Structures are given as C-alpha cells and as structure tokens.
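Below, each structure is written out as structure tokens.
One chain, subunit A, appears in both complexes that follow, with subunit B as partner in the first and subunit C in the second.
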Partner chain A sequence: MGEVMTAQGRSLPAEDTADLREIGFRSLDFSELALRVEDELGDELNFDAPGLRRIATVGDVLDFIEQLQSA
Partner chain B sequence: MSEAPRSEAPSAVPPASVVLVSGGSRGLGLAIVTDLLAAGLKVAAFARTVTPELTALGEKYPDHLHYGSVDVNDSAAGQAFVRDVENALGPIDALVNNAAIGQDSLHVHTSAEHLAEIIQTNLTSPLILTRFVLRRMLAKGLKGRIVNITSICAQRGYPGLVAYSATKGGMDAATRSLARELGGRILANAVAPGFFASEMSAVLGQTQLDQIVRRTPTGHLTEPEDVLPVVRMLLLENTNLNGQVLVIDGAASI
Partner chain C sequence: MTGRRRTTALIGDDNTVVVAGKRLTWRTLHKLPQLPSPAAVLVDNGADALAALRHHAVHGTELLVATESRVDERMREELGESGFAIVLPDGAVTLPRLKRVEESGRAWLLTSGSTGRPKRIGHTLESLTTVTADQPPRTWLLPYSPGTYAWWQVVTLSLTQADQGLVVIEPHELDEWPKIAAEHGVTAASGTPTFWRQAIYRDADALAGVPLEQITLGGEPVDQAILDQLREIFPAARISWIYASSEVGASIVVHDGKAGFPRSWLDRDPHPERPVLSVEGDELVIRSPHHGAGLIGPIHTGDRIEYDGDRVLITGRLDTDEINVGGSKVSAGVVRNVLMGHPGVSWARVFARKAPLVGRMVAAEVVPNRSLGPITDADLVQWCSTRLPDYGVPRRIKFLDQIPQKETLKSDV
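Up next is the complex of A and B:
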C-alpha cells in the first residue's frame, strides 16, 4: 500500500485508522494494490464491488487483502 | 470504498508511447498502425492473418513495430502476445480496439451461431483484451489511454447490421463506464466512423451509399484518412476528452 501511494507522490500514514478519503486512496488505488499482490501470489484476486464499499480505513484495506489471500 | 475527489488535481495522462492495435493488418487498423509509426510511436499490432503490408511495415520499422498472427478470440494467445510486446517494446500504455468482423445479413436470416460469433469477436473479446491490458497497466502503476473503434451503426439504424450495431453500441457504452471506473488515470474514448466507401455490401448497396453521400453535408463518405488524426489526438494530446464517442461522418447522421 505504501508503494502505491509513494508512486503517486504521497505517503502512507502510520495509523491503521487513517481515513482513505482523507489520504486520497481511491478504489483504483486499491485495484493497483490488489494487482501487485496478485503478481506476488501468481494468482488472480477477483472480488465484487460491494466488498470494496465497506472499506474506509487503511486497516480495512490491509484486512481485506489478507482475507483475499487466505480465501 | 469512496470515490471522493483527491485534494489535489490528478496529473495529466501522458501521451501514449507503446500502443497495441488489434486488427492492425488491413483497412483502418493498418492505416492506424502506419500513422502511429510515422508519428514516432512504438506500435504492436496483431490480426488473424499477417498481411504483406504489415510485414513491410515491420521491415521499415524493425525497432518500433512488433506484430504477429493472433485471433482476437483466442484470449490466451492475446495475453501471450501482450507479454511479448512488453519484452520487445516496453510496457503498453495505450490500446486501440479495432479488430471486428462485419455483418451483411438481415437479422432473420442470420444464424444463431453467426450472431454469437459477431458478439464474441466485436464485444466480448475486446472487453477481455481491455481487461488484461488494464491489469498490466495498473499493476505497473501506469497511466494510459484506450481508443475503441466503433461505428455510426451504434447510434443509427441500418438494415443488415443488427448484431454488428449491437456490439458497437455495447463498446460505446463500455467506453463511458470505463472512463468512470478508471478515474481519469486511463482515458477511454471511442471513435465512430460513418460508412467507408469500401463497405458497400449486398444489403447496404450502391444506392444506399449514394443516398448517404447526398445527405452528408461534407459530400463524401468517410475515409480512413479522416479517422487517423482523431485517433492520434486521443492517444497523444492532452484534451480532457474522456468517455466520449466521436462520430466522424461529415454530419451525415445529425
């Protein structure tokens, strides 16, 4: 997540509670993150949009990615 | 997840540098490939059949053109071609969805199998190719551009082109949703040419084409040369055009 934000000239806040709206992390940024994880896993991570709508904080993103990886 | 606007304006999408053109071996596709190479871009082109004209371009631009024989309906081959292109030319940052098959049959006389083939080639396969190229772009953190070649048939009715029109309308609609979904990071537009003089068919015959010419304020049917500057603009210029369908038909349809 930090790499995605750094590539856009921003930085990842240290707090898991940081609001994604406030730090400008949008759904497309999440897609980029998921695709980077896919590259590492060598497997596709497909998911529906409603799952994304529940994500509001940095911690939510990390939890969601973890769930996808373990699914 | 929210789609709240960024606090700062997103930076512009840079001009395309490596463009993938489907159906680039003849007709408008070949003309687009030729034009982009002349403009100094790196171009990758595939088609079911590699023509002598495309081979000649490959000899003229050995470092800037990568081409091969790929059926757009063979997604595995298409994806392998994309990876080959990345190795040969660098990451793809623009896609021109041009490959399509025509139709020349009244709906009631078109077999279900042929309907499915038209939809597969003109709608499903381009969407699958777009998905794959977008995934590569996003994974590499790239911005980029998509140009879908559609048709005036998506907006006006013509006999003998029911399924073809449906697929082109589908691509126009997909263009708009892509523009929304990609949040300005990748610009998605469509170019919808009017009828080419070369498109005379049994259903849309010389009489109908003559009628279209008479009703066209510019007085002539569309030529590939009319389309090229528009495609080039969408790939290279910073215009803020996004999610649009640009009709190139001399105002025949308005």
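Up next is the complex of A and C:
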C-alpha cells in the first residue's frame, strides 16, 4: 500500500484508522494494489464485490488484502 | 493448364531478384514443376513463393500462396473441399476433394486472422497492383511472409514495373537484414512498425548503413515516435505509411511524416481511383477500388479511430483498443503512443487487466531502450501522468528483454 502511495507522490499514514478518502487513496489505487498482489502471488484473485463496500480505512484495505492472500 | 493466358504485363521480368544471396531475375528464377490449378502452394522459402507467383502471372492459373506454417491441417482440408490441390514445399501434391473449373487469373490471399480464423479473399494480379505510376529505380527489401497482402504489394510492384529489384529476406535472416540490405544496395524497404523498431533496437548503426531512399510502414498502427526515429536516421528518405488489408487493398497512403491522416480526407466525393474513407461510431469504414472480390461497397474495417486535432489516428482493433476503467474510456493505442514517445522506450504493448472496483485497469509491457540507461516503472508512470488522464496511466508495467515479433512481422499490439 505504501508503494502505491509513494508512486503517487504521497505517503502512507501510520494509523490503520486513517480514512481512505481523507488520505486520497482512491479506487484506482486500490485496484493497483490488488494487481500488485496478483503479480506477487502469480495468480488471478477472485474479488468479492460486496466485501469491497466495507473498505473505508487503511486497516480495512490491509485486512482485505490479507484475506485475499489466505483465500 | 499452361501457356494460355497472360494476365498482366510482366514489365519487371528482368528486374534483379536476390534470394539466398544469389542474384537472379524474375525470368531466371527456378521454375516450379507444373502447377495444378486451382492450387494452394505452401512454401518454406521466399524463392519458391516468387516462382509460384511468376507461374501464376505467366499462365493465369488460380493460386493461393502461403507459408506452410500458416495453413494448418483443418485449413488444408477446407481448401481441398473448395477445389484446391495442395502443393507442399517438397513438391508433393494432394489432389482436391472437389473438382471444379478454375477461376482464371484469380489470386487468393489469407487474412491475418487477427479476429478469428483466416479468411480467403479473392484478388487478381491487377487488383493487387496498386502502384501503377512510373517509379524511380529502386531495390526493394522483401521481409514479408509470402502470401500476405504486404508481400503481394511489393512483389507485384517489382514484377510489373521496370527497375524495381527485390532482395528477399527469409525468416532466419531477419536479425541481420540491414547487413544483407546494405550489401545488395537496398534503397527501399517496407515493414511493420515492429519490424522497424526491432531494427533500431538491435543495431541502429547497421540500419543507418542501408542506403534507404523510401521507407514504408504498415500492417500495424503507426505512431509518431517511430516516424520521428526513422526520420532522424534517414533525414533525406521519403517516409510513408500505408493502411492496407486483403479486404480493402491499399487505401490510405500518407507521405507527410505524421501519424494519422488528415481529417479532410474523410467523406470526400467519390473518385474511381480513390477510396472513400468514413467513420461510423469509432470505426473506420472504407469503400475501396482495390477491394477483394465480392467486397463492393463500404467495408467496416474493425479498426478504431481517434481524432487528434486535424488528424485521424488509427489506434487499434475496435474490440480491444477501448479500455473501460470504471466508466472512463481510454484508447490502448493512445496510451501506447505516449509510452513509445518516451526516449527510454523501444517498444510497448498496452492492454486491459481485470481489477476490483473499476472493472479494468490499464497495464503495459515495455522493452526499454538499452542505449539510454535504465528506466523504472515509476519513471514511466510519471511520464504518462503528465500526458494522460489518471485512469489512462498504466499502473502495472512489465519490462521485457526483447521486442516480440511474429511471422507476419507484427507484435499484435
């Protein structure tokens, strides 16, 4: 997540409770992060669309990515 | 089957033809054994393809010529069922399943098959000979795969015009074609943008050693970056790009060194010798005097266009060029042009990747220009960010070691 933010010239806040809208982490950034994870795993991920709606904070993103990796 | 007709004047019969290092002429090329008609002649070298073409031109037989690798078993069966004898590189002949009367003077081409299985398009030597005005003496490079439209364009020019020599490049010679071309004094060459990029990437100095006066690009979308690179290497050459296909023939020819064609060329008044170009939605539509048999009227090309000021850019295939990123649409061709405009990029392919939230994201593969030092994906993202909307910036970029090139000289960008 930090790499995605850095590539956009921004930095990742330390707090997991940071609001994604406030830090400017947008849909494109989230999508890029998902593709990075895919590339890392070398496998196509199956994204659960209803679950995505609950992602509002940095912690939500990290939890979601962790779930994807363990799925 | 032989000695009956002569379909067009073989003015170039004494033009030089260089094959496998030997200097011959069309007239002194080896003769193939008596060819049946209709025949599908499958070749494994350029010399046999030229010999088959000359046989067709002299005797007016019905001919399809293609490389052996392009015609799989299923297609061979289909050809047999359509009345074609199959002639293999070793001369073995499989007789047709259907016996029918030949179509005198008919030449068949296979489409590239980029939208499915290759289709057969009927032409004649006359409909394939689109260059009819007198040409300055030239020696042409022939790197194209036998039987493709671009191959027919070059060979008919050589066979029907005076002083238009040919230097045939076989697939195994592609890596070193500039050396061969320089050795035989090639002054004109036609190739895809990928072909030219390969040549610059491999050895720009060797390329600069070829005394080129005419450079032609076609077969793929032609971007400004490759035109500019060629102009830098060959400041005095005429650089042209051509839009041509088996279906519509050579329909757009641009000599001004710019990508795309002038918007004023759209919807011009009909003229017997000039194709009518138009746009429906985003699709290029052409009504061409050089069309294949039975393709009279407007042909929907399946190629996508974008307007750029007073130019019309052909950006790619309709079904793959437009990438929808969360409802915002971007042309893969336009993104590719931006990437290839970066001095550190020798080649790029842009495509859609499935992604959460936005549906699709723009991704790219890139071959860096080794002579300019390393570049990173961050460099390219930065470059694109200042030239494209955020949804058009490729966020995932993979670096490749070499430029991919298929038998057709294309890389399917």
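Criterion: the second predicted complex is superposed on the first by the 70 of 71 C-alpha atoms of A that agree within 3 Å, B and C clash if a C-alpha of one lies under 4 Å from a C-alpha of the other, contacts with A are read in each partner's own complex, and residues count from 1 in each chain.
We take it that contacts are C-beta pairs under 8 Å (C-beta built on N, C-alpha and C of every residue); 3 or more make two chains touch, one makes a residue touch a chain.
Because the structure is a prediction, the values reported are computed rather than measured.
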In the superposed model, does subunit B or subunit C contact more residues of subunit A?
-> B
Now for A:Ala7: first (subunit B), second (subunit C), both, or neither, which partner does it touch?
-> both
Quick one: classify A:Leu35 as touching subunit B (first), subunit C (second), both or neither.
-> both
Who does A:Arg21 touch here: subunit B (first), subunit C (second), both, or neither?
-> first
Jot down the residues of subunit A that show up as touching in both complexes, subunit B in one and subunit C in the other.
-> 7, 27-28, 30-32, 35-36, 39, 52
In the complex, subunit C touches subunit A at residues 325-326, 353-358, 361, 363, 378, 381, 390-391, 395-396
Can you name the residues of subunit B that touch subunit A in the complex?
-> 1-4, 6-8, 135, 138-139, 141, 181-183, 185
For the complex, which residues does subunit A have touching subunit C?
-> 7, 27-28, 30-32, 34-36, 39, 44, 47, 49, 52
Contacting residues of subunit A [partner subunit B, same complex] | 4, 7-8, 20-21, 24, 26-28, 30-32, 35-36, 38-39, 52-53, 55-56
